[in-house]
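The following pair of complexes shares a single chain, chain A, combined with chain B in the former and chain C in the latter.
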Partner chain A sequence: MWCELLQVNFFDEYQMEGLSPEANEICLEVAPENISRALKTAQNAKAVKVKLTKKHCPCLTLSAELPSLSSISRVVTHDIPVEVIPRRLWHEFKEPTVPDFDVSIYLPPLKTMKNVVDRMKNLSNILVLEANLGGEMNLKIETDLVSVTTHFKDLGNPPWGDSASQSRSQSWDPEAMAHARVDVRKLQQFLIGQQINPSKAMCNIVHNRIVHLILLQEDMSLQYFIPAVA
Partner chain B sequence: MPLSTRSQDGDEGCVLAAALDNVRNLSNILKAISFKDHAVFTATRDGLKVTVEDSKCLQANAFIQTDVFQEFALREESVGFQVNLTVLLDCLAIFGCSSAPGVSTALRMCYNGYGYPLTLYLEEGGVVTVCKINTQEPEEPIDFDFCSTNVTNKVILQSESLKEAFSELDMTSEVLQITMSPSQPFFRLSTFGNSGNAHYDYPKDSDMMELFQCTKTQTNRYKMSLLKSSTKALALSCKASVRTDSRGFLSLQYLVRSDDGQICFVEYYCCPDEEVDEE
Partner chain C sequence: MDCVATGGNVKVLAKAVHSLSRIGEDLYLEPLDDGLTLRTVNSSRSAFACFLLSPLFFQKFHVSHGRGFRCKMPIKSVQAVFRSLSSLERTVEKCHIELNSEKSRLTFTLHCKHGLLKTHNLSFQDCESLQAVFDKERCANVLQAQPRLLVDTVLHFPPSLEEVKASVTADRLLLKNHVENDADQAKAMRTELCLSSEEFLHFSVSAPTSITFCLKELRVSDGVLVFAESTDLPVSMHFDEPGSPVVLSVTDSVLEANFVLATLSEDSHCNHDNGHKKRPRTPPPADDFMCDDMDSYLIAMETSEMAGPSSRTEPRSSSEREQEEEQRPHSKKFCSFFFGSVLPTSSQTANQTLQNQDVLASDSEDEQ
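Showing the complex of A and B:
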């Protein structure tokens, strides 16, 4: 999963000095539960500061100024341990390139998709996601007991324009369905993201290989890669 | 409506074809009797009967009459099949359980006969889901041989009062004892659990009591674990009838009225746990 947030839309103050002027980046590894726990305390905060500090180990220190009845505000500080990723490993964490997909399609209303996938999970572990360039997408499960197919129509296909990632898609038969068998739970995890109410949601399929899902909002992007299973 | 045009072609082989504008009327009733995995569906000119049994001692039947359906077409006198009820309920709820007001899921159901799967077409907001559920040879439902001529005691009450009693029943009691009599205590539910003995009495002239026809004093006990399965249907109902026959067999009948005024019936038959001599 890859998520990008434009700092200017989230922070009033932002100061950063990377490794060097040429490599002006810092790469940190952190456990998401720790950040989310800290952010929960900061939910009603008047102000939050995040700093990269060095305590007994490198930490993201989050201090939240909480409202209080007295004139003196309460400040709660969380020290979240992080691991600094060395320069030589940065290439492993680059934004994944958009795969050379066969079909790209806008996703149906995510709430509907989530309801359907939640039910399908009760029936099967594997789900087939397929779509074509005619704006049609199907979600299918098949077991010994039952087969269920949900048909979405008139979804529209995003115009990617001429680019390298378009080469496969240009030779793909528009009527043909590109499909991939995926683990239902992974798709379910992605659909939890529908809560953020994205302005755009789309899906790129590399036939039998990968499902690449993208959620876009004006100041944020979320990308999810689900590999196909046998 | 897209569903009906599609069905015109698909109807060719259909031995049973039925359509509902709002699948919720069917799924709520089926959920109420889903205490076991499998259900037997029997379609006749009168409508659909769904049967679920537990350990040969309890049988639930849900009746969805022909006029509840927007369409009901049967090519034979009687058509029967068995399906996995849990799977069927998941399919009926494919678009989610709670719907926004004004949004409903439409259902079209089609069965081509022995050996064919049960096909469901569900549609909501222009999205169509097709489900094919494998069917099995229906097991012969038990004939409890409960007929109205053998009924010794019968009461009909507003479900409200029964719901209250059932929600307070001491579940540590292994049995529920039902006493029906033309004299005191008239209609009594009793439990014998860890907290002691408890009795719920319904006087025959209570305004909850719509009909009271008891000819003989009878006390019968039924396994609590079996009767617990009937509480979901009770919760949906507005009226209940309780009858016992000369053998002490119990018949519970619940009248269920849906939001749009459709009426369905759910009935339960239960064998007595032990005979208690009449006073």
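Showing the complex of A and C:
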């Protein structure tokens, strides 16, 4: 999963000094549940400050000023241990390129999709996600006893314009369904996590290879890649 | 014994039982002239809770004099009587608790609407009197707050959190999670919450101090906090120096609830000048110092008569061991509040204790 947040839309103050002026980046590894928990407790905060500090080990120190019963705010501070990733490994953490997809389609309402996938998960481990350039998408599962298909129509296909990634989709038969078999739990994980209402949600399918889900909001982008299974 | 609780007090009684059930497995019930006491202690003897319901709490409260009756029973059976708090409120008009001494049964009868009677006959065991030795009034530090404040505070800490360190100065309460295991040091997330004294209803600190205690009983249970919140009564916290138990209590005109938790003691602070009141226990050999099963975090059991079957499974609880043995702690460990004779500890090599406590030592030295 790849997610980008434009700092200017989130932070009033933002100061950062990367490794060097040429490599003005910092790469950290952190346990997501720690950050998640820290942020949860700061939900009602008046202000939150995040700093990279060195305590017993490098930490992301998150301090939140919370509303209190008195004039003096409550302050909660979380020291989240992080590991600094050395420069030589940065290449492993670059934004994945948009794969050369066959079909690109807008997703149906995520909530609807989640309901469908939740139920399908009970029946099968593998789900087939397929779509065509006519705005149609199907979610299918097939077992010995039963096969279930949910059809979505008139979803629309995003116009990517002329670019290298279009080469495959340009030669793709618009009526044909590009499909990929994916682990239903992975798809479910993506859908469960959606707390935001993205302004754009789309799905690129490389036939039999990858499902690439993209959520866009004005200040944030999120990409999720699910490899196809045999 | 024969008593009747009516109306809203039935629900309070039920909540008290549920609250106690979070801490221990047995409910010790003893009617006194002061009222009905319901007590329990956890298996590691590091948490004790006691509810005293005064005679005024009841519509009728009759205690036969003579040899004081007391008993213990599995708390689950009492909980079964008071299942489903919401329906209790709607349907139960009165709860009658009566001792049937011939049959050795304690009968709980719920008088419900439409003339419905639900009778539970619970068998009980005779037992020693379970009493932790603590004195709230003599504690140097007392804080009192609306339960909401404490509930909100506890939310900031991870559900898995065991120990928390509370530090007070004249105008602040600082709560930190306590990380003791070396292996966890690097990975553990540390959380610290600072509350100003102004948020409390009462904040009286005699000298800045820090105590470390186990949060689990407060929240896995939510025993005292949920009870207080539901009854909307302020919670007070009484504590002294490290090693002395911390007492959380909720009081109103007809009931008093005390939750007593052991705190981590420090070498130098472990004073025994309270005579028989405080006996530190050296922890039995174990790798995980902070694991709940460990007796290191302990309340000494000082029981007046130790009946064989009623004592817990530890071999130490045998009655001949009532003498207090002077076991000086080699270093830090949890001193606890005591119920009685200090159970003599199995011998613990100095090396082992020191090893365990080294871990603690580094933590406490870091704090200001």
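Here are some notes:
Convention: the second predicted complex is superposed on the first by the 228 of 230 C-alpha atoms of A that agree within 3 Å, B and C clash if a C-alpha of one lies under 4 Å from a C-alpha of the other, contacts with A are read in each partner's own complex, and residues count from 1 in each chain.
Here is the rule we go by: a residue touches a chain if its C-beta (ideal position, glycine included) is under 8 Å from a C-beta of that chain, and two chains touch if they have at least 3 such contacts.
All of these numbers come straight from a predicted model, not from anything done at the bench.
For the composite obtained by superposing both complexes on chain A, the positions of chain B and chain C are free of clash and fit together. In the superposed pair of complexes, A:Tyr224 makes contact with neither chain B nor chain C. Residue contacts after overlaying the shared chain place A:Ser70 against chain C, while chain B stays out of touching range. Of the two partner chains placed by superposition, only chain C is touched by A:Lys55; chain B is not.
Once the two complexes are laid over each other on the shared chain, residue contacts for A:Ile80 go to chain C alone; chain B is not touched. Contacts of A:Phe190 after superposition on the shared chain: neither chain B nor chain C is touched. If you stand at the C-alpha centre of chain A, chain B and chain C are 70 degrees apart, rounded to the nearest 10.
Of the two partner chains placed around the shared chain by superposition, chain B is the only one that A:His151 touches, whereas chain C remains out of contact. Taking all C-alpha atoms of chain B against all those of chain C in the superposed arrangement, the shortest distance found is 5 Å. For chain A in complex with chain B, the residues that touch the partner chain are 108, 112, 115-116, 118-120, 122-123, 144-153. In the complex of the two chains, the chain A residues touching chain C come out as 31, 34, 37-38, 41, 55-57, 59, 68-72, 74-81. Looking at the complex, you find that chain C touches chain A at residues 146, 149, 155-156, 158, 185-196, 198-199.
Within the complex formed with chain A, the residues of chain B that make contact are 84, 87, 90-91, 93-96, 117, 124-134.
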